[in-house]
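So, here's a batch of structures to check.
Below, chain A partners chain B and then partners chain C, in two separate complexes.
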Partner chain A sequence: MTVGGGAAGAPAAFDVKKIRIYGLAGSVLGIYLAWILNTVTGTDIFSFIGAVAALFGVVMGANAVRRVCGYGIGTGVPSIGMLSLGMGVVAVAFGLSVADQFGMGALSVIVTLVYAMIFGYVVGVIANKVIKFNIPVMEEGLTDLAAGGAMAIMGWSFAISGSLAFADIVNDVINTGYIAIIFICGGLAILHPFNANLGPDEKQDRTLVNGVMVGGLSTIATGICAFLTLTPAAALLQLVVGFVIWYYFFMWYYRLVKRDASAVVGTGLLPPSAL
Partner chain B sequence: MNFDATTIIYILEIVVGGLLVGIGVHFVPVGGAPAAMAQATGIGTGTVQLAAGSGLTGLLSAGLMMSVTDNLWPIIATGAVGAMIMIDATMLTGSWIYAYAVGAPFASAKVNYDPITGFSQPPYVAPGTVGQGIPTICYVSGTIGAAMGGVGGALIYYPLVMINNNPSLSAVFAIGIFLVNAVLASWNIQGTIEGFHDPKFKKWPAAFKACLVSTFILALVAVIITGGA
Partner chain C sequence: MDALSMGLVAAMGALATVAGASEDIDSDIGSQSNPNSQVQLAAQVGNPHRIYNKAIAGEPPSNALWCTTAAIVAYMLIEAFQMPALFSIALGASVAALFDGVMSMSAYFGRNASQKRFNQWVYLDIVRYTTPSIMAHVWITSFCIVTITYIQVYVLTPHHPFPIPVIALIWGLTVGAIGSSVGDIHYGGEREFQWRLFGQGLSTMLSGQIVRKAEAGLRNSIDNAWFCAKFGGPATGMGFGLTVFLDNWRTTVFDPVSQALLAIGTGVFFVIVMNLYNFYLERSARRKYGPYPGYKGDIAA
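Up next is the complex of A and B:
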């Protein structure tokens, strides 16, 4: 099993509080900005902003994975990513449905976020008190993780449906099965960065840049899904935005890998003797 | 939304389903990465992957049965059988690879004699490892665990569909509940376990308590959700 690489309290260039504030504010405001622009202009061309907002949640979640798994949880990093998305999907279904029942569809993001954070905190307390993990940042980490996972699912769901109404998201995202793509792609964006970068030389900036890079790939995936739910122009724009994000952060990630590696040597595809 | 007797039964069904998932994980022989290198007993992947795999197959088969009938018992039975087939197929094909490709004898490092076959185990455990492959006792234990997971998945899925009449929303929600419980249980066993003969199995009360609390919170919100348009 994966043994957590980065030691407890691994050096972090960015303060966790700052990342949390930017992550929460960025994702909530981003989704609302996308919703307002879509509603005011009467188009769905701004849906891609929802996907960009999801990336803020992803960065917050990836940072929480990094902090909690740095202590070593014994079950591999993917388990905590699946927990994050599991809590997130429940929170999103609850938030959308409750806001819809009270006739205030726009409040769904806030309801989702509040429920996700409360539930994440409770699971963190259970993990420490009942399962006896005794990881000091467990409660905090799982609160961030649940919020990050919920915001990632919310953002990408908006990017596919172009609306915050419960009925639209159920029809466009859940009944079509695209929620499964969001679930796994979003999960990858949250759990993969630390899983791929862990080790004694794990650096926070490299891990988080990797997270945004995978988030860009997920945006490409939701862009493809959006071709069947949004207008072609909006879907194409989302696809292009996803590609640009992926390319930019991939080059950034490559620069960081070269910075942290002792040497980067091209070996070619196969040695000549093997051909 | 009114909390009548039916709603309370639905909540109880979801809670029992979540508990079955949490306990069922303790039966499945999870070997993790060491098992993937044939250095530990069990299936060579993580708990969550196995739990999710068997749980989703159970959900799928339960959903198929639910499209035909509303009777709870055949739905639960179909869910259990679907999950059992999934885990058994995984263990069987995994065993072929361990036996014919890796060439490892199946042995448990946690018991001296296999409680079912009575075969001696220690002579076959390679030095430096904690057993290899999937011995009979692990296979049987895994099948029991998968049955519990499948019944749990069906018990979560059934009330959700009865409440919101939307199979896809219910399935997604059930997967969420399933994953939360599976991860809590896998944290309880610290990633690897051989089955009900493993000393770690005695830790199940902690997972029971953890899953009880978490599933209850999830069940309370599950009964509020409507099916959308």
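Up next is the complex of A and C:
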């Protein structure tokens, strides 16, 4: 049952193209920056930058969910979020192993991104042409979603393993089962924002701030995971960074709720019009 | 089969029963899952309310998140710091409950703020006293689920080959799916539409016309927990507990490698017996209470 969607054509403060460019550039450059700093200094202390880079992918993905699901996909919001991270997992596994095969582990982020975008576009075409969703932005939306999901998984995987090598990520992220929390918490970071703000008076800035807030929670989770795989200092730093991101964006979100809600009251009966 | 394994399987069944019950009550307090669409619609058809609106991605993904969060914390503490299992799992469940509190609050705030034009207010007292009840139930659910995965991976022989977080993810999805399919009707069908005769179905005209007023004052989500804890929660617990117990029982009694056919046969036998019992139950309910008032015959799809 579709419940009160209707964000299609709703005014968006931020242009989709800008969000896409910032999302892609932010996540790719962020992961590479973290990798270069880790490699040059010979430590794993900069792994948290990977988790911050993942947030750019999350914002891009959350905006894509908002655009696609604004066409009245109410109960489909969770499904499309899971689809995004599902495509992301496949793309990351593909990108890492292909880059490893050619002996250029550092290229894995680019290979993952290209593969994810092609994959997302193909799934979008199938959804529109074969399953006949007939949503105009479906192809574009799923391309963004796959890229956002893949970058989120890549960023948080780097944050846990501190390396872009295929063997390290298999050891630290997949064999330990930490991929499960990246998948589900990252998925929630992409799908929860629009799902939690569903309704006719949904606002883009509130939705995206919610996405970063949940991304902060994911960073806390990867920080906890990192105690097993990184040095304690790097893990603790990541935990603190995650908490700061979460706290800042949660308070921001609450301010936006107070701005947008009909009324925020301490207690009280129903509004006078409804009694 | 040995006595210890059978005892462990029984313990897993008991833990699963508790987890199923608390999972269903948690989702009922927050009006999550299927009944959520009615709570969401209520304001839109002119019925603003004081009921919690915890829209977190449906029950299976959200419970998968709580259980996986608890699992990573427990796994990290056990493997990296050699902490005692019970302590680690309890701490993991606490972190999961905190995560749940954040997500629940953000969903309540967001959904109600997005219904500005329907005059749906955000009540902070509801957030203050309902969120802790939800978190408490999530604590119980994730504690039980992670204990089950701990038994599977570290205690029960043969040890499960998957890592703890992945098994917790799968169990979380399962308990959410069972809670969604078994428990929801007792909240949605019987509680939200309490003044309708049960069994007549819900026509589109009635969408959003939920019960908003209690015996005294306005109904809130704690009232719903009180109602659902009587039958919906225990029924869900029974559903999930039986699933876990019977499934593990057949692979404990029969060796899954050397007696694979017997184990599969027992599973098929359980499925057939349950289907026959369901069929009997529906027939007997229709015979005793039907035809339902307002029933106009099946509508051609």
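Everything that follows uses one rule, which is that the second predicted complex is superposed on the first by the 259 of 275 C-alpha atoms of A that agree within 3 Å, B and C clash if a C-alpha of one lies under 4 Å from a C-alpha of the other, contacts with A are read in each partner's own complex, and residues count from 1 in each chain.
The working rule: a residue touches a chain if its C-beta (ideal position, glycine included) is under 8 Å from a C-beta of that chain, and two chains touch if they have at least 3 such contacts.
All of these numbers come straight from a predicted model, not from anything done at the bench.
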Partner chain(s) touched by A:Ala13 [first = chain B, second = chain C, both, neither]: neither
Superposed model, chain A: greater residue contact from chain B or chain C: C
First (chain B), second (chain C), both or neither touched by A:Val40: neither
Which of chain B and chain C A:Asn175 touches, first, second, both or neither: both
Partner chain in contact with A:Lys132 - chain B first, chain C second, else both or neither: first
Touched partner set for A:Val90, first chain B, second chain C, both or neither: first
Touched partner set for A:Met82, first chain B, second chain C, both or neither: both
Residues of chain A at both interfaces, chain B in one complex, chain C in the other: 1, 74-75, 78, 82, 175, 177, 179-180, 183
Chain A contact footprint on chain C (complex, rising order): 36-37, 40-41, 44, 46-50, 55-58, 61-62, 64-65, 68-69, 71-73, 75-76, 79-81, 95, 99, 102-103, 106-107, 109-125, 162-169, 212, 218
List of chain A residues in touch with chain C within their complex: 1, 3-4, 74-75, 77-78, 81-82, 175-181, 183-185, 187-188, 191-192, 195-203, 206-207, 210, 213-214, 217, 221, 224-225, 227-228, 246, 250, 253-254, 256-257, 260-271, 273-274
Residues of chain B that touch chain A when the two form their complex: 1, 32-34, 46-49, 52, 166, 168-169, 172-173, 175-180, 182-184, 186-188, 190-192, 206-207, 209-210, 213-214, 217-218, 221-222, 224-229
Chain A residues touching chain B - in the complex, by the definition given at the top: 1-2, 73-76, 78-80, 82-83, 85-90, 93-94, 97-98, 100-101, 115, 119, 122-123, 126-127, 130-133, 166-167, 169-171, 174-175, 177, 179-180, 183
